[in-house]
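Below are two complexes that have subunit A in common, paired first with subunit B and then with subunit C.
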Partner chain A sequence: MALSNVLEPAGSGFNFENSTRNIVLENGSEEGKIKAPKPMKTGTTIAGVVYKDGVVLGADTRATSEEVVADKMCAKIHYIAPNIYCCGAGTAADTEKTTDMLSSNLTIFSMNSGRNPRVVMAVNILQDMLFRYRGMIGAHLILGGVDCTGSHLYTVGPYGSMDKVPYLAMGSGKLPAMGILEDRFKGNMDLEEAKALVSDAIHAGIMSDLGSGNNIDLCVITKEGVDYIRPHRESIYNYKRQAKYKYKPGTTPVLNKTVNQLELVHETVQMMETAGSS
Partner chain B sequence: MCVCVCVCVCVLQCCRSAAVCLCSSARRGLSCNGWSGTIMAVEFEGGVVIGADSRTTTGAYIANRVTDKLTPIHERIFCCRSGSAADTQAIADAVTYQLGFHSIELDEAPLVQTAASLFREMCYRYREELMAGIIVAGWDPRRGGQVYTVPVGGMMTRQPVSVGGSGSSYIYGYVDSNYRAGMSKEECLKFTAEALTLAMERDGSSGGVVRLAVVSEQGVERQVILGNQLPKFSTV
Partner chain C sequence: MNTRGLRSQLKDSVPVTGLCPQAGPYGVQDSLRRGFSSVKNELLPSHPLELSEKNFQLNQDKMNFNTLRNIQGLHAPLKLQMEYRAARQIQRLPFLPSSNLALDTLRGTDDSIGFEDILNDPVLSEIMGDPHIMTEYKLGVL
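Presenting the complex of A and B:
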């Protein structure tokens, strides 16, 4: 079936091309058994709120690799389309790749049809893909955007379930964030109120969850355009590096130096037949 | 039905194709996915009354407390979804597509039995991979209001009143003792609201608001009964 948004429709079922390679690597030589790397989870607080003129999305910026903070300024609000942005929680690689693929699909669709994409279309494409992989792709996403039908906020789970709600929090810090949202959400808020609400919800997640932290990013989407505020609120624990860690030239003594000139031995030129010459 | 089966296979490969090969032995646990509450449907003269609670849970967390489990499949055919949220949404979308295609080919409104058969085909064929309990209810010009239940496993049977979901176990007694044939639309609405309230009182996976809909020749009327407006029973 031809689809206007994908170049190649995906085959059904899983793709296990790399599993034999992985088995060989893991069981390989007796001395050098290679362990498979653990997937990096983001340990996140993300939230979204629909207000009078559009949608406000928020996220913290900490990416953890078990107990170490891998990235202090991770960007969790991903671009999908000029009017649609997506916050991702769960396995970092899965959310990155999934949102990249979604963004590419929607660009192809825009070029084929000449229309701006709708948020509900992005949700449907995500559902199709995540359901097909039956939960193996650990992507918990919050999609928000403004299109010709209005402002929308959706969540898509890793198994392909979808919910449409006016306010939402996801990630490991969702319980404290949801508490703030449930307490203070009202319909038709204005911009400053909505930004303060999302920012406070993420802040609650940062304070009460070990996996969330550092700065707060906000993304405000309206009919007129997008305001990506990164960072909206910076962490008060902003340690500056105490010294430079670069070694000065001469720190390591040079014992010997040889220079090998590469000689040009032989050069050939081959003309290519290109179409449309006449 | 041949056309529908071909479309069925092609749709499942293009839309939400269940990976048949490898996950058949692994049954997903309740904590992985949305698992939903209580659904009910009742036939009356001239149409059907359908109702559901509004809670979706992932483990002990309520992921959505205002879910709409009454999904339109066609103009006068609805399905009530219970079980895994992802599975039932995928099946409902696939059947909506197939039924719409079928209705355009025939150039007339589809029968409720056709919709129920499409659900049954999918739920039975992929029974190992899916966790879906669905009640299909609607009105068509040939046979009036009908309720078909397609529980987990893929059986299909027509019943005058049907309940489903995890909360249904607590209200079989109430439904069996209070249902009478020939109730009016208002009596059916009251009966459904009370049964769902009783289920929501006792079942942890059911709660929130009660969503009701009446499907008849005139169309669809939807209503919501908020938490503080639910019928009150004795608090023992």
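Presenting the complex of A and C:
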């Protein structure tokens, strides 16, 4: 469809054409203000801990859409590079897309330079990207990885803020999780201790926060490789369907039945040249 | 991305004139899609990021050139701007999408992916401008 008034080609990237219309719709009529649909948030507990040989990341698996659980087995630990994984809290779509783009950028970089990416590179790219959009992209991320300089754990906020710490929790359940981490964290733990600590921190978040729940995923990153344990601990409230909801045949009674015979009036055959022959 | 030069270069940001035109396909206000027309809508942005996104590449370039000028002297941005100007002229016809490969290589964005590569790719655009009008506009004859 050619428009007569388009003088320059449309730009790529975000399109703000509808923002005026949306503002008018939201503030509009006095009878009923039309609410914009709310995006699906992950309302999460995510945590990470640096231990002797690497990094342990943990996350719950519930995604909420206001008051309803939208996804019971959501995967919140995203792949960034073979040695870097990222937990995401905040708006589910934003964390997915941002981590996807980050992963693509780092793959291009490692193909260009022939080196494994470092965790600081991922953090810098994320900071630039998130600051450019002034917090409109609601992604609260915990990045953890092991590279040639050691094991690192960073957090990046939606406005581009960054923090480098040995143990971290983010999301709506971060306060109970931080409580457990502050109490039991010590430097140079071994693997089982670290896994138990992260798992208990997420469990505390699940128990005390409505936005977190269901199973606990863990991801252990070391110099040798990655162990993605999904699920590490399953929720004890695993409801199975109690009964079948299908209707039995014969539930709807048949009242009467009429049969109309179709009469063959006229029959012709016409040859057609179909495509694909010559 | 060069963010360290930002502090000293804020005064050089490029302002924008004239936001989305309110005319629809027949040249008059398209109330169904754009709402009622008002002067305020055309002058001020309705989304906080609209202005900064529209000028993002320009501002980045300006900032990089200013930093380069401060470090290496005037010749460096001059030569680079000459190359940018040459690369910008390599375009297809106005109504067809151009790849801008030379410009991307100069800027260094040919090996990075941003939202402008994923969203609203002009190759996949559903609407097309009228070739005659667009060429006339480009040539300045309109």
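Simple rule for what comes next: the second predicted complex is superposed on the first by the 207 of 278 C-alpha atoms of A that agree within 3 Å, B and C clash if a C-alpha of one lies under 4 Å from a C-alpha of the other, contacts with A are read in each partner's own complex, and residues count from 1 in each chain.
Everything that follows uses one rule, which is that contacts are C-beta pairs under 8 Å (C-beta built on N, C-alpha and C of every residue); 3 or more make two chains touch, one makes a residue touch a chain.
As the structure is a computational prediction, the values presented were derived from the model and not from experiment.
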Exercise for the section: Answer with first, second, both or neither: which of subunit B and subunit C does A:165 touch in the superposed model? Expected result: first
Handout entry: Which superposed partner A:175 touches (first subunit B, second subunit C, both, neither)
Key = first
Practice task
Could you tell me if A:148 is touching subunit B, subunit C, both of them or neither one (first, second, both, neither)?
Solution key: neither
Practice task
Check the residue A:112 against both partner chains and state whether it touches subunit B (first), subunit C (second), both, or neither.
Solution key: second
Practice task
Give one of first, second, both or neither to describe whether A:24 is in contact with subunit B, with subunit C, with both, or with none.
Solution key: second
Practice task
Identify the partner contact of A:157: answer first if only subunit B is touched, second if only subunit C is, both if each is, neither if none is.
Solution key: first
Practice task
Using the superposition on chain A described above, determine whether A:101 touches subunit B (first), subunit C (second), both, or neither.
Solution key: second
Exercise for the section: Tell me which partner A:264 touches in the superposition: subunit B (first), subunit C (second), both or neither. Expected result: neither
Handout entry: Partner with the higher number of touched subunit A residues, subunit C or subunit B
Key = C
Practice task
Give one of first, second, both or neither to describe whether A:128 is in contact with subunit B, with subunit C, with both, or with none.
Solution key: both
Exercise for the section: Kindly list the residues of subunit A that each of subunit B and subunit C touches, one partner per complex. Expected result: 1, 3, 9, 12-14, 128, 131-134
Handout entry: Sites on subunit B touched by subunit A in the complex
Key = 10, 12-23, 28, 32-34, 56, 58, 61, 63-64, 66-67, 84-87, 89-90, 93, 129
Handout entry: subunit A to subunit B touching residues, read off their complex
Key = 1, 3, 9, 12-14, 124, 127-128, 130-135, 155, 157, 159-163, 165, 174-175
Problem - Touching residues on subunit C, where the partner in the complex is subunit A - result: 1, 3, 20-21, 23-27, 33-36, 41, 45-50, 52-54, 56, 94-95, 97, 111-122, 125-131, 133-134, 137, 142
Problem - subunit A residues within the subunit C interface of the complex - result: 1-17, 19-21, 23-24, 97, 101, 104-105, 108-109, 112, 128-129, 131-134, 136
